Amino acid sequence: MARHSKKRSAKAGLPPGTLVHIGEKKTAASHVMLVEYDENGARESQVATAELADKIKLARGTIWVNLNGLGDIGIMEQIGACFNLHPLVLEDIFNTEQRSKLEDYGDYLYVVLKTFVYEKDGPEERLSSDQISLVIGKNFVLSFLETNGFQFEAVRERLRSGKGQILKLGADFLMYSLIDAIVDSYFVILERLDEKTEALETELISNPLPRTLHAIYRLKRENVFLRRSLWPLREVINSLQRGDSPLMTSNTLLYLRDVYDHTIHIIESVESLRDLTSGMLDIYISSISYRISAVMKVLTVITTIFMPLTLIAGIYGMNFKHLPGLDWDWGFFTVLGIMAAISVGMLALFRRKKWL
Amino acid sequence: MARHSKKRSAKAGLPPGTLVHIGEKKTAASHVMLVEYDENGARESQVATAELADKIKLARGTIWVNLNGLGDIGIMEQIGACFNLHPLVLEDIFNTEQRSKLEDYGDYLYVVLKTFVYEKDGPEERLSSDQISLVIGKNFVLSFLETNGFQFEAVRERLRSGKGQILKLGADFLMYSLIDAIVDSYFVILERLDEKTEALETELISNPLPRTLHAIYRLKRENVFLRRSLWPLREVINSLQRGDSPLMTSNTLLYLRDVYDHTIHIIESVESLRDLTSGMLDIYISSISYRISAVMKVLTVITTIFMPLTLIAGIYGMNFKHLPGLDWDWGFFTVLGIMAAISVGMLALFRRKKWL
Amino acid sequence: MARHSKKRSAKAGLPPGTLVHIGEKKTAASHVMLVEYDENGARESQVATAELADKIKLARGTIWVNLNGLGDIGIMEQIGACFNLHPLVLEDIFNTEQRSKLEDYGDYLYVVLKTFVYEKDGPEERLSSDQISLVIGKNFVLSFLETNGFQFEAVRERLRSGKGQILKLGADFLMYSLIDAIVDSYFVILERLDEKTEALETELISNPLPRTLHAIYRLKRENVFLRRSLWPLREVINSLQRGDSPLMTSNTLLYLRDVYDHTIHIIESVESLRDLTSGMLDIYISSISYRISAVMKVLTVITTIFMPLTLIAGIYGMNFKHLPGLDWDWGFFTVLGIMAAISVGMLALFRRKKWL
Amino acid sequence: MARHSKKRSAKAGLPPGTLVHIGEKKTAASHVMLVEYDENGARESQVATAELADKIKLARGTIWVNLNGLGDIGIMEQIGACFNLHPLVLEDIFNTEQRSKLEDYGDYLYVVLKTFVYEKDGPEERLSSDQISLVIGKNFVLSFLETNGFQFEAVRERLRSGKGQILKLGADFLMYSLIDAIVDSYFVILERLDEKTEALETELISNPLPRTLHAIYRLKRENVFLRRSLWPLREVINSLQRGDSPLMTSNTLLYLRDVYDHTIHIIESVESLRDLTSGMLDIYISSISYRISAVMKVLTVITTIFMPLTLIAGIYGMNFKHLPGLDWDWGFFTVLGIMAAISVGMLALFRRKKWL
Amino acid sequence: MARHSKKRSAKAGLPPGTLVHIGEKKTAASHVMLVEYDENGARESQVATAELADKIKLARGTIWVNLNGLGDIGIMEQIGACFNLHPLVLEDIFNTEQRSKLEDYGDYLYVVLKTFVYEKDGPEERLSSDQISLVIGKNFVLSFLETNGFQFEAVRERLRSGKGQILKLGADFLMYSLIDAIVDSYFVILERLDEKTEALETELISNPLPRTLHAIYRLKRENVFLRRSLWPLREVINSLQRGDSPLMTSNTLLYLRDVYDHTIHIIESVESLRDLTSGMLDIYISSISYRISAVMKVLTVITTIFMPLTLIAGIYGMNFKHLPGLDWDWGFFTVLGIMAAISVGMLALFRRKKWL
């Protein structure tokens, strides 16, 4: 997470429009998948780099070009040429360290979104994000993914089976479907966070330990990370659903309003989580303080009882020749009795003070 | 509470408009109640699934269809068909994990609201929420509830008795009455929270314990939960009372303005509570710190008094042959006297330092 | 304060417009006072319930009807009928648990305001609020108070004496005068809070005690209470001074701008107080922590000095037959010397470490 | 500072426009200075109360009337009559407990500003504020100061010397110059605050003491005081520079934009200071906690080392007849050796645990 | 950092437009570099003060005048005269203690920006900022830098080599390139902050020390410093990219939108960092509290075990004549056995209480 802007500075000084991959390269090879569909059905094909331009030119109906893996600059340039994309768009697709945004280039919209996934990181897991770029025009949708994009599988399946309205509606509905799939995938992360929060709350109340503290901090960090990513997303979907672009039909706007609602729901959940996390930190420190006060009391009770007794023993251990009672037969037991009385008195006092 | 978004992820990948029940199923059976009314009176009837469509077609005047229990998808589809509802509305009614919202579909408005109730949860109680969906058109109101909806009983009673203006006014006034009933029910929760807060304040000042701390945290969590639910509600009622929709008559708008005011009042109370809760956490930790400092002082006083005395006793317990005073008749009592003087001196010192 | 929404839930389920007194009944009897005035002077009279309607009909010039005590529903209904008030207005006047608000009913404005007073509550005092409702029309002002409304005495006096412009100007200027009187009364509360804050600051720095802590919390609670009441007030006076209503003349608007300024001044003072209160809590806990560290140091110094000495005494108290020095004439004093040297050395060490 | 609203309540109940001095009276005598200037030069004269009205009538070019000391109500009434000021303006000039504000009376603008100064207050210094009222019309500027207004000396000097454009430009540029002089004087306060902050940071890191804590709190209080005064100032200068009033020429607007920038700069500095102050409080308490933990460790180390040794000495001090080793020649040294070994072992253990 | 407004007060009282250097003088000598370019190429030349005005008059195409070092007022006045700059602009260029701003003077825009750099400051490094002023007109860009401006080297290189579109586009694109270079340089600072944060997080979890605390505070201070500088930057770039000025062509606006995005990204990162820093402070104090509670437990365990044993040894060290068991052969070992039993019992008790 903290590594998010690494290598970004490598671009300083380059002219705009230079294609440089910013961020971790996630998959080595690039795969292009082309889907053409209309009311009658969908045709899906893996396309090799060489024949990409031709295939696109021949495509009919609504076209969806999906690119997995951003390693291959050549493919990007071909796609850019086919769909007449602005150099800044191509540059941004390669810069995977961006915030979500929507840019209207007139003929097409450029949308940057983020997906989240928990990755193993030693004994812990860490939340990392991948970038998905969408370009939507009159009759095409382009999607560029760093990884394999499991989120889109369901949409592809729906295209194949022709279930729902997706074949009947145009490119804007396809874009909605892709965005909806991405936003739906956030709920998985949200549920994971909820589980973690609940587990931490239990641990916090039963037995707070340093690792509880570190877990709270990690939760806070993930929360900060999510908030930073989700607020721009909100803006993106809001401007989409406001219908500023003629590319969005009014039917799709209804659906986008729905996605917008989900986004707000997610953001509000993350904000609530933030409040709870900060509350947990307060509870932690309060619990530890209480524990200190409890241990402190035990120590004070012990000390207060034994110190006078030890003093008495010390007094009768002094080597004075004339020490009253040393010769007395019951002297020893009398002293023990006094000691016992002092102990009992002290204990009663502490009980009355509610220390025990 | 923390369980609120469970199972939401189950919907990921499904086409929009698919009817899937999200959230806990609260009541197994669904009951449909149909009320028709005009100026002359109201007719109320329980309707079986089979005859629902017919009954609705034959209904005269203003119609109120109330559905308790969301278990039966068939009924929903019938109602949807009768009133020509958009698939997204039907989908949203089943998704009981939504935020409050108002959607204007032209012919009708779709409103999602939340009600709150304290449920027993082991020795504790926990705040849970149910969803109520309202659809209001030219001359009908549809209400969909997860549970039995005791909040609406008073409205039904008013329809039966014809008290107030309710029979004379249209569907929009009925909707207002339902929303008003829901908002009124929030005051019960608010008073419960106020009581809890007062009880905690007393406990906090008299004797702060770990369970006080956990109660404060629970209060905070309930507060977070309420805030998240109430802010969208505010937006909903605000857009209703702004009168954007022609379905709202100007007379009803006056009443909605009143409900809006109540909503703001409730939100402000919850916000105040939030401030107080965070203040209570600070008081808790300050109190514990004070207690630590008090216990600490007792310990120090005890130690400071007894250590010198024990040392003196130890010195006169050394086995030196030539130890001045050991043979002296009053030696023992002189030493005891010195010890007493030291104790008194120490106590005086501590008193002057205000430690005692 | 925490009792503010008590009994509000009692209204749940009643039709709107039902007159139910919400909140504590403050005065048993209701008194109606009628003032008529024009440029030539003012006539003031106590009016009995029976003759109220007649008197109002006969009144000339600008009319001010002031009602103290909300116990008598009959009077309210009469007044409502005379001035043609909406049922919601009457209902709201009786509901004394509202936030400040301004409602424009076309012919008249309905304004709800709050006044504050410190009431004795056992050994403490507590801040409580009363509600004042104002209705202002073309040539009349109605004021409804829970209590005797000492704030209005000065306005009445000005009417009697004809001092200032009040007789020459219309109902809107009278309303301004009443609001100004109420806002002026807030400065008394503000000065009380300032005094408390100063007293607490002094106590905090000289000798922080648990009661200081509780006083800070009470201050915070009063602050929360005031903030919640003052923010809506700001909105009310702001919309008045914007001059949206034709009932306000431009001359009065200038004066209202002045009151608005006072309101902002008061709110900013309360906000500042809030910052200071939260700062005081931090100071309290920091002071206590410092005290713990100081006590801790004393304890450690005492322990560190006496433990080695006691050990030495213990060593020379062992019963070994062959223990070097026991027979030596200066053995005892040598050991005492060593003890003294150790003490001095320790003290020097602690002084160098700045612990003493 | 906490005394700011004292005596404000004394005005409650008076009709608007009554001239009552609110706030501390700072200077007994009032001095009126009249400056007339045009392109050719400036004439400056001290004016006695009696001849004030005449002098003003005869004045040519742009007129600047400056009043130091608000003690004399008579002068104010004369000035008010000469320039035809609204009673509310006169009242506000006397009320020195106001927030900064800009009021547009059509023919003239009324501006209230604040200046700050550090006053000796026993061993400490305290930040206090004076009020400056400006009235600007077509060809005159009136300035009313509680104190001697050293801030304006430079402007007067510039008028005398004719340096810069000030003689060529009108009353609005003079007003800008006065406001600029006031805002420039804030930088002195800001630099003082910066110095204090730096000094506190050093003290905080080297040796945090209770007086550090109180200094932080005083800093916070000054910060709260400044913030409350500066935010309204920002609004004032912003509405001036927006050029809503025809009295402002477009040339002056450019300069006002510059002052506005300085104001924002000052506010942002104060806001940053606020963040730092709250950070310092956290550092303070963290440092003290760390110190407690360090002292605690020393105590524990001492106790842990000496308690076993004392026990051993005690054991060999028991008076059993048959106690192995007492008769042995090397018994004493063996026991001492064991004690030394235990000490060394303990120390090694603590070192390994990084406690030493 | 805390030194940022030093000497600013030196300007108080001077007429506007006076050229006074505010802030540290960073480089003694001033170097002027003149670049002229059009589609065919760029000519770059170092210009002596004497010939500056002539050279500028003769220049063709788009002109870029870059001034490094603000020491020489004469050069500034020449440049001001050549390009007809307002006195306030010249004054502001010399005042290097300003916030970022954009001022539209009609014929040209004046932009103030900040660059950041880490400077060695004893063993620590400190974040300091330099000011860069840009003036952009129809066909010229002026840049004024306090230091050598390494950030612009890449732009100069691009002009020389003719790479990218820079030669073909006008002055506004050059300005974009310069701003882009500055914003890109922020990423270096951001990455440095990220590294520091990560290092601190590790230290915080493994072994929190006072220097960790001070590092957190320094991080917070840097964060406060950056926030204060970046928010105005955001406004500047936002108003540039909104295209309010006719000097910006629509092509450049697209690129500015991109820079705006980077700015938002940087600000959001800094805001996130702020959240994390405040979280780290909480973790620090919580960790220390936990450590205190742990040390406390060790102390209590030691005391609780050894005090009873010492008492027993003391009891058998009393000099009573009749003390049972002293003569018994196994008395000593019995007592030792009892001591061992007590120790083991105590340890078992503590283990059960989870203190060990």
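When the chains are written out, they are named A, B, C, D and E in that same order, and each has its own residue count from 1.
Just so it is clear, a residue touches a chain if its C-beta (ideal position, glycine included) is under 8 Å from a C-beta of that chain, and two chains touch if they have at least 3 such contacts.
Here's who's who by UniProt: A, B, C, D, E = Magnesium transport protein CorA.
Remember, predicted model here, so these are calculated numbers, not experimental data.
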Distance in whole angstrom between the CA centres of chain B and chain D is 42
Centroid spacing, where centroids are CA-atom means, of chain A and chain E in whole angstrom: 26
Per-residue multi-chain contacts in chain E, two or more chains: 285, 289, 292, 296, 299, 303, 307, 310, 314, 317-319, 323
Taking the touch definition from the header, please name the shape of the chain graph: line, ring, star, complete or other. ring
What order do the chains sit in around the ring if I start at chain A and move toward chain E? A, E, D, C, B
Per the touch rule, the chain B residues reaching chain C in their complex are 153-155, 157-158, 163-166, 177, 180-181, 184-185, 187-188, 190-191, 194, 197-198, 201, 205, 254-255, 257-258, 261, 264-265, 268-269, 271-272, 275-276, 279-280, 282-283, 285-287, 289-290, 292-293, 296-297, 299-300, 303-304, 307-308, 310-311, 314-315, 317-324, 354-355
Along chain B, where are the residues that touch chain A in the complex? 2-6, 8-9, 11-17, 86, 88, 92, 97-99, 101, 103, 207, 209-210, 213-214, 217, 220-221, 224-225, 227-228, 231-232, 281, 284-285, 288-289, 291-292, 295-296, 298-299, 302-303, 306-307, 309-310, 313-314, 316-319, 323, 325-327, 329, 331-332, 335-336
